[in-house]
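First the structure, which I've put down as structure tokens, then a few questions once you've had a look.
Each chain carries a letter (A, B, C and D) given by its place in the written order, and its residues are counted from 1.
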Amino acid sequence: MPVKLIENGYGKQAVRLVTVRRGPERHELQDVTVGIRFEGDFAAAYTEGDNQGVFPTDTMKNTVYALAAEHPFDDIEDFGLALTDHFLKSSPRASSVRVDLTQHLWEPIEAGGAVHPHAFRQAGSERRIAQVTRDRQGARVLAGLEDLVVMKTAKSAFEGFPRDRYTTLPETADRILATAVQATWRYSRPHVAWGRFWREVRQVLLQTFAEHDSNSVQHTLYAMGEAVLETVDVEEIHLTMPNRHHIPVDLRPFGMENRNEIFVATPEPYGLIEGTVRRG
Amino acid sequence: MPVKLIENGYGKQAVRLVTVRRGPERHELQDVTVGIRFEGDFAAAYTEGDNQGVFPTDTMKNTVYALAAEHPFDDIEDFGLALTDHFLKSSPRASSVRVDLTQHLWEPIEAGGAVHPHAFRQAGSERRIAQVTRDRQGARVLAGLEDLVVMKTAKSAFEGFPRDRYTTLPETADRILATAVQATWRYSRPHVAWGRFWREVRQVLLQTFAEHDSNSVQHTLYAMGEAVLETVDVEEIHLTMPNRHHIPVDLRPFGMENRNEIFVATPEPYGLIEGTVRRG
Amino acid sequence: MPVKLIENGYGKQAVRLVTVRRGPERHELQDVTVGIRFEGDFAAAYTEGDNQGVFPTDTMKNTVYALAAEHPFDDIEDFGLALTDHFLKSSPRASSVRVDLTQHLWEPIEAGGAVHPHAFRQAGSERRIAQVTRDRQGARVLAGLEDLVVMKTAKSAFEGFPRDRYTTLPETADRILATAVQATWRYSRPHVAWGRFWREVRQVLLQTFAEHDSNSVQHTLYAMGEAVLETVDVEEIHLTMPNRHHIPVDLRPFGMENRNEIFVATPEPYGLIEGTVRRG
Amino acid sequence: MPVKLIENGYGKQAVRLVTVRRGPERHELQDVTVGIRFEGDFAAAYTEGDNQGVFPTDTMKNTVYALAAEHPFDDIEDFGLALTDHFLKSSPRASSVRVDLTQHLWEPIEAGGAVHPHAFRQAGSERRIAQVTRDRQGARVLAGLEDLVVMKTAKSAFEGFPRDRYTTLPETADRILATAVQATWRYSRPHVAWGRFWREVRQVLLQTFAEHDSNSVQHTLYAMGEAVLETVDVEEIHLTMPNRHHIPVDLRPFGMENRNEIFVATPEPYGLIEGTVRRG
């Protein structure tokens, strides 16, 4: 029976890189997890077991460390551009290389009223991310963040939705809205001041989440995306926002009233809302 | 500035369902995690905060339990077909509904030489999965499995790969090959005996993994996919296989030789190999 | 101000060891995670920064691999005895060494009606564990298992408990009982046929769980412990059993009745029940 | 064969509580996970299946929500004192009740140059913890924190340790020191200004970690504990600090030198160092 390989890809995941630049005033720390994925003319490896063209994933890992040593970087976007450029040059069989970068954020410890020059605290679970995809025509950069955990305790409602025989959810004009924002966006120009722009997008996302008068997660998600496009030089943004439900506890069996003050945070099930907003 | 929503979707994830059918001879147990995702004409919720057409994710959850009560099922594929059918009928705005089902596997406890009628042991981390996507034209069913963790300690090599200045990996004619297989496949016909076919595919994957003379993960992945297409009525199969590296420990500093017997299992980094094989 | 170190301990955790013995008929696989903890006269390291007596945790790790090469083992209890013996001899400052061993279980793949000689499938999330603690007087061995996930759908009740103003739980004569058993036990003699005894204890735990007419998790926990002591040469057993609640879904809002068939499995909160049973 | 229950305990874990106090100026948020454990005269439940004295774990959960509504709290220590007091009064069979409280930390979002009154960002993975244990004589309070992830890139060495035939670790005068501090402490007085004291201890831990000239993790752990005792009214502190190894990458195979700048962060194995420091 004729059988064919119609799609393939391979690479290395979870390459953990930490770099330290030891400046005279202070140390600079980069803490990044890198994933690499090659696509291209690798069918012979699958169908014939012929490894002639198979750039080893172990070499991918080594290259991350070698290039980090040769090309110190301030922004993960630049490191992704350097890596993908190197990989395409080094592997003639590769038609496209994608590098995913996840940056763990550290901030200097404050000690004795000053910022310490070489001691750091991990700033939280939030991570800066970037994805660089390069083929023989050029590169495409996505910037982003993930696990930005936020909650608002006012100005969030969910009303006016349709009901059927299985609907039990009460309408509410005042609920907790909690989520872990994941966002990826594409800038309007191929190169920008990556770090400054990233901080601007993040701040617009936070501020819009805080200030929006929310009718639903969808409504706030769109407002956040729209505000980014209106404020920063971003062409398109994709947002994923789980709805981490906080359910008011029914205190009536205890002879008490819950004045929207006591909640149980539930890990599952959870809503999951997505959307992409683009200039148009 | 004109801005538009170019893509959206939402739903409920991690709906945990356990059903018990209490037969005269034995109890039958289903343990499934369900995820639901709607796409369609929901833009007004995002852009206007208008919830008129927003089928609530809480109702999605309720529907899982209600339909499980009304339509007991033997196979998750059938339950996914029933759910998607119901959702499309119940939500005029939805153009497409996807349901992901993850089945946790239990087997009866053996006690006193017999199979116990109502006590069960979880069979392992391996899970049976299915994905049903339905639009106004019809439904598409994918079957699959995930976290099928396997290892072979012979007949696995990786040699003949290209080397560059960053390559340090030695060639090896005899290495450990360990992975956690994730596979999804589409049958050649819209309805088959879901359970029997699933067990056949699983057995072919296991047997081919065991017996293959492997030049690489790619090589074995393809052999596994090819064997499934040649044996079962499957049209297309997608396989994802992480390479869980087992590194021989260098015992020479201790005055000893490692005769390919002592390994460190490393969680990261790891290779990740994918491929899709289709009849053609 | 006078300050003193009143307690200290240190070691290496998560040492991942895989060994392969390549017999003529079949390969034998051991997959163990090892943790090591030293106690003793190490105060100078803490208070003075004096490392003279500090056996390095990196050497602990190396020793695991070296001893595994020198002393192939069938049972993790024996490996723990060898490791603790070596460590006490190698570190004069150590007064006591504890080694925790967690064995990941693999079984041969069945292919073509036969058991494959060198291909394996991970048997599940269940793990065999052992803890060996040795001081200058001698060694103590605990055997055990963890994450043995079981469920029974009949013969489980919870009734007759006290009620106060905050009690809302209904009494039930027929509920699902699900748990992940963790058990550690001490044999009546310092050396036994570790593997055979371990399998016997495990089987008694499973069988008693299945057959017991349960009034509560406590009740079944004790019955399981008692049965082990009555059947195997075990002196004492400690059991920890979380109560993984399965809540009947209220289907009445949908105009349906739940005949104890439809449940939601909830990850949190969960009950946690412990007890130790000893011959006496 | 005579068999006896020599130890028992039970309770409810992972009770998730979120409270909102809606002040005129701003909302105050508490996000706590509560675990409860009873010890006492519960043997009849185990040995006889007699539930007469078994305070239900479901009532424990309800009580968390009811008491949170009746007694709004600023500090988890106070909430733990109220809960244990209530439980001992409500369960005559209980001889001792322990409550573990884990507080997830949120801080107001800054928007438009001001602190937002009802929108919050999760401050990180770090958590404030408390443990209150109460018996019929009185209560004992431990305060603490966990997952305070810190790293220093200078002033950390590990030298002068003993070597044996399995030692390969090079001495180093300049290594990365990274850890996730877990600390629990007991104040010198039964009641203190919980929140202010907690922040003081945390700051001393951070500052001492940053400034210490470290010969080992042990050395820094002790310095941190000592500094807390010397600065805050703390009687005793227990510290647990995993050594999250950052290994310099060997760049010589690539014709490069690693000037202590390029590291691989490794999740396992890891060192684990503990110690308790007390006024004396």
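What we mean here is this: a contact is a pair of C-beta atoms (placed from the backbone, for glycine too) under 8 Å apart; a residue touches a chain by one contact, two chains touch by 3 or more.
Just so it is clear, the structure is predicted and the values come from calculations on it, not from any experiment.
Look at the CA centroids: the one farthest from the centroid of chain A belongs to C.
The interface in B-D, A-B or B-C that matches A-D, meaning over half of the contact pairs are the same by residue number, belongs to B-C. As a whole-number value, the distance joining the C-alpha centres of chain C and chain D reads 24 Å. Taking each chain's centre as the mean of its C-alpha atoms, chain A lies 37 Å from chain C. Multi-chain contact residues of chain B, defined as those touching 2 or more other chains: 16, 62, 66, 166, 168, 253-254, 267-268. Of all residues in chain C, only 1-16, 35, 37, 42, 45-59, 61-63, 66, 90-91, 158-164, 166-169, 214-219, 221-222, 225-226, 229-230, 236, 238, 242-243, 267-280 touch chain D in the complex they form. Put simply, chain D touches chain A in their complex at residues 16-22, 27, 29, 31, 62, 65-66, 68-70, 106, 109-112, 116-125, 148-155, 176, 206-207, 209-211, 246, 249, 251, 253-254, 256, 258, 260-267.
By the touch criterion stated above, chain C contacts chain A in their complex at residues 165-166, 168, 253-255, 267-268.
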